[in-house]
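Worksheet: one structure, shown below.
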Amino acid sequence: MSVKTMTAAVNEAIDQEMARDERVFVAGEDVRVGGPFGTEAGLHAKYGDKRIVNTAISELALTGIGVGAAAVGLRPIIEIMIMDFVTVAMDQIVNQMAKMKYMLGGQATLPIVVTTHAGVDSSSAAQHSGSLEAWFCHVPGLKVLMPSNAYDAKGLLTAAIRDDNPVIFISNKRCLQTSCEVPDEPFALPLGVAEVKREGRDLTIVATGRLVIDALDVAETLAGQGISVEVIDPRTLSPLDMDTILASVRKTSRAIVAHEAVRTCGIGAEIAARISDEAFDYLDAPVKRVGAPFTPVPFAPLLEDRYLPGKAQILDAVREIGLTT
Amino acid sequence: MSVKTMTAAVNEAIDQEMARDERVFVAGEDVRVGGPFGTEAGLHAKYGDKRIVNTAISELALTGIGVGAAAVGLRPIIEIMIMDFVTVAMDQIVNQMAKMKYMLGGQATLPIVVTTHAGVDSSSAAQHSGSLEAWFCHVPGLKVLMPSNAYDAKGLLTAAIRDDNPVIFISNKRCLQTSCEVPDEPFALPLGVAEVKREGRDLTIVATGRLVIDALDVAETLAGQGISVEVIDPRTLSPLDMDTILASVRKTSRAIVAHEAVRTCGIGAEIAARISDEAFDYLDAPVKRVGAPFTPVPFAPLLEDRYLPGKAQILDAVREIGLTT
Amino acid sequence: MEITNEHMVRMLTQMLRIREFDERAARLMEQARVKGSVHLYCGEEAIGVGVCESLRADDYITSTHRGHGHLIAKGGDPKRMYAELFAKASGYNGGKGGSMHLAALDLGIIGANGIVAAGAPIALGVAFASQYQDNDRVTVCFFGDGATNEGAFHEAVNMAAILKAPVIFVCENNGYGEWSPTATQTSVADIADRAAAYGIPGVVIDGMDLAAVYEAAGEAVARARSGGGPSLLECKTYRFYDHVGRDFGVLQRDPEEIAYWRARDPILLWRNRLEELGVLSSTDADALHASVVGEMEAAIAWADAQPDPHPDALFTDVYTEPAA
Amino acid sequence: MEITNEHMVRMLTQMLRIREFDERAARLMEQARVKGSVHLYCGEEAIGVGVCESLRADDYITSTHRGHGHLIAKGGDPKRMYAELFAKASGYNGGKGGSMHLAALDLGIIGANGIVAAGAPIALGVAFASQYQDNDRVTVCFFGDGATNEGAFHEAVNMAAILKAPVIFVCENNGYGEWSPTATQTSVADIADRAAAYGIPGVVIDGMDLAAVYEAAGEAVARARSGGGPSLLECKTYRFYDHVGRDFGVLQRDPEEIAYWRARDPILLWRNRLEELGVLSSTDADALHASVVGEMEAAIAWADAQPDPHPDALFTDVYTEPAA
């Protein structure tokens, strides 16, 4: 165990899985120098051009490298630098990678991890700040992960690399520099299993990525007011671990779902719709959603601050359901 | 007034708006011969190469024609033949068209209509049967339309062409050959306004595209059993007319949301989440969602039949909320 | 290049099999016994056969929406192909793919594709894997003229050139993309010229001349296999029928144009050549043709009698479950 | 080509303005007074200036993430540009865009772009509109060497060639895409060779030589304006600083390489030339330089004093509301 940033944890997971399995390689833009966030730092020196494949600025082709190579037995990690850039790789992700096994009647096995970095990050503006996980959760054939801390990041990414399915692994940028104790040895967390990050009785907050940190903050604040909040991090957004979420809501009778992505049609809509349906008889208040407003991401720090959902917005939601005044 | 198919109604809307406004043009693949569904039939003969622009198989470039031309004063209609092909045009739609006005601080006005054809259609299989409207409803800056009949199609498309914003106009393929009375003169329906397709007291079904037809069938069936169903077609999926939907649910106390797209993270999740939240005190039963299962679209007609949500699935949902046994 | 008599006959047989397969597929579609879109390879047989005859069994191909010919040329079994068109459980894809997604991974056929040009990035990936695994397999990427206007094509060829990946890009320039003539879509007369944008060899080939295709493909394959990197082969050919099926009636093509190309039917040309060379008598050729027809009729009968997929097949193959 | 003395001096001034703008932008970013990523144009000034001096005021350009130079060259006001970098309400984009989205539609500057190569399809659309509107405006599309490996570039150039759209594709080949050398990304030594894939003229130009750029751009612009269609100009240049800002320390570049290109600083070369030609004395040149420095300092002071956007600006400009 040692304290690691999420960046370091991601790096370590890739490194250890590459060491463990010859078939694992990384392809992406500027991965040779470690990638824009340092998640591949040092790996080129260790694994060389063969396994750290520095590609042209060609997201469609580089994703295709993953699809083709996986179809014939390799285990690619495909890095799409910034999540907004998936827009130029969607065909390979959605029409090929996600559907190939099914279209081929099961002939193909596609153990691919697509890693990317999502969300707002010091005024990167409208084309470098997107959180598009909901798109991928709408696509059968893909698994979608979004860890909120270094420990989960290492465990989930390790599991993703070992998984035989295409997995989209999303680092929320504002989590990358956070750190916690992380085992030094390789370890895998199960995919599709949510974690209760804090137990509570009065309210369930289901949060993803950076909003988990905000939700834990809120829980701490509310504890001071005698309100006991349970915080759940789904970690895997597709498939969703609704059992854990529903068990919690059946206990607390109240739920808020919070993420950084635009609220409308975000993953929070799916979670809220399912809670509202499947825990209908248990709910004492409507399920509230916290997410970004329906605007592109502005550049100005002042506007970006206002744009970003966080503690204040969660507290507003708590107020709306009548837990505070 | 005369009876027209939805295909003919779309064609007429484009034709009349082109006649009315010199700035309107169509760019797309094989639009010269009328497009794959005939929505541009006859237009090339009338407007020639200048205004019916038959492009290469280059969806990204052809969408860019729309963005660039709109930025300097034209009013493009961009046809993406089949909705699955938007995957190769997403950057121009999502990062450019949708965000440009905002990123530029309001300098740009982008009156673009992207037309496309969505959904399952006689064994077109996994790459030609997609319903991806939820993706676009998650993107601020876009409006998203999906008519369910010829009348609405003409009125909405006319309004879309006259609107000063980027609009995604989606024809559900299984609606194209349905017909109804449609005015011969140009007319525009307001965007963002849902329509109550049938009034009822006991249950609200919010349905889109082809599922509106199925919902009306169900309503008829249930009327025979003394159950009165209100059917609402949002028509505009972004922005959603929640007022009409909520007014209905507050009256009926029960709601089902139905669409052809994959249920998970479909637009139904957003609608159900909002109903569950905003009509919380009025609901006598959980809001149920009908949508495609979490699988790619299979080729085999037998499997495709089972895949497609329709009357049977809506009736199941009616049963689940206890209105029938 | 020396081709044995036997090989010449086998190549004729392969072309005939493709032709007869697709003529029947067309009719079955017209009769609504086959659902979905069937894109016919008729007229283009010399390309699939000439190229695949240059490959080893363990080499790979990626194909297109117009893929039946590629499959047969690479060893695909018409029985299982028809079964797939009939959406039967014993079709190559278990009935879940249909014509546009036909694949046989065990034959190195990575699959047809419903997205124009999407096979190019995938072929790049397969070829990359061969370098990575240090085997000497090559990958052929088939695609149409229209596909060369998609970004995917460009990105894949560039990366293949940089990596010197063992992939051969084979363009089947049949003069049209759907109902649009190539000249209205593609800014160069010879798509082979696009090779210059990647610093790789680009060759124009008469795609109706089996020997020419076979020879050019052989060179490109040898280059790729020996580490010389990718090539672009442009095979000039013609789509005898409409974009989908035989005649949609959407596009009026010049009858003279059709007649010109029909006279250059690759099967006719090759058969004449074999007869001229004395490899095959006209009677032998007729008998061969008849036997191919018989094979296809039998394949259809077999396929037709196959069971439907289980209705629950809808839910399988979405994910790979961990081995128990 | 004859260039008047006055014009020569104006071009020097423009290059100096770009250089001094960006040197300061870099420092402001280092001081965290400017947020977000600032990609410096230092070293590439002769391209923006040489090209834009060939344009009319009503012509259009599309730009890139490395776009400050293009904006100034096309008439952008440094005051409003700094105001945008400072995220002020009077910035070109009202503070909502920042460096990567700077635009001034009234000056024909369609905008910088945060997505590599995305300007190419947009430039195609703008040029298409000029044909449609039957005016004789041309559009210049600036982009980097790395951008030529994106599918968007390929699709746009092909369609532009087919339509004979009045667009000039100007590649600024600065030897790198982020931290990757061009040779590891791009499969041809001369990107101008890619023009052959579209049947359009492709020219290699010394991008450090203002006169060379100006002359080549003039020809391409004249061709486009008179209906001759698109061209591809590859300007060989060098990124004096790192990908973002001045020095990230990620990439070790060969000091000799840097020295070689620094000696070919386009401003130095042009200033020397003007001095040699007697157009400008060294004292005059120093004075000019000093006045440009003064302009930039004043622009920063002005920009810094501008008001912030109203917090509700977050919610405006998402949609165009119908006129009341």
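For reference, chains read A, B, C and D in written order, and residue numbers begin at 1 within each chain.
Methods note: a contact is a pair of C-beta atoms (placed from the backbone, for glycine too) under 8 Å apart; a residue touches a chain by one contact, two chains touch by 3 or more.
It should be emphasised that the depicted structure is a prediction, and the values quoted were computed from it without experimental measurement.
K.L.:
Taking mean CA positions as centres, which chain lies farthest from subunit C?
P.N.:
The most distant chain relative to subunit C turns out to be D.
K.L.:
When I count C-beta pairs in contact, which pair ends up with more: A-C or A-D?
P.N.:
By the number of C-beta pairs in contact, the winner is A-C.
K.L.:
Approximately how many whole Å separate the CA-defined centres of subunit B and subunit D?
P.N.:
40
K.L.:
What whole-number Å value describes the gap between the mean CA coordinates of subunit A and subunit D?
P.N.:
36
K.L.:
From the mean C-alpha coordinate of subunit A to that of subunit B, what's the distance rounded to whole Å?
P.N.:
For subunit A versus subunit B, the centre distance works out to 30 Å.
K.L.:
Touching two or more other chains, which residues of subunit C qualify?
P.N.:
Residue numbers touching two or more other chains: 93, 95-97, 101, 113-115, 149-152, 155, 158-159, 162, 184-186, 318.
K.L.:
Listing for subunit A: what residues touch at least two other chains?
P.N.:
Touching at least two other chains: 55-56, 58, 60, 84, 87-88, 91, 95, 102-103, 125-127, 140-141, 293-296, 298-299.
K.L.:
Can you tell me which positions in subunit D touch subunit C when the two form their complex?
P.N.:
149-155, 157-159, 161-162, 184-189, 193-194, 196-200
K.L.:
For subunit D, which residues are in contact with subunit A within the complex?
P.N.:
Touching subunit A from subunit D are residues 35-37, 87, 93, 95-98, 100-101, 113-117, 146-147, 149-152, 177-180, 184-186, 250-251, 308-309, 311, 313-315, 318.
K.L.:
Can you list the subunit A residues touching subunit B in their complex?
P.N.:
Contact set of subunit A toward subunit B: 60, 84, 86-88, 90-91, 93-95, 98-99, 102-103, 125-127, 132, 134-135, 137-141, 238, 261-262, 264-270, 272-273, 276-278, 280, 283, 285-289, 293-296, 298-299.
K.L.:
Note which residues of subunit B are touching subunit C in the complex, please.
P.N.:
29-30, 32-34, 36, 54-60, 84-85, 87-88, 122-128, 293-296, 298-303, 306-307
K.L.:
What part of subunit D is in contact with subunit B in the complex they form?
P.N.:
Contacts found on subunit D: 60, 62, 91-97, 101, 103-106, 110-111, 113-115, 118, 120-130, 132-133, 139, 151-152, 155-156, 158-159, 162, 316-320, 322.
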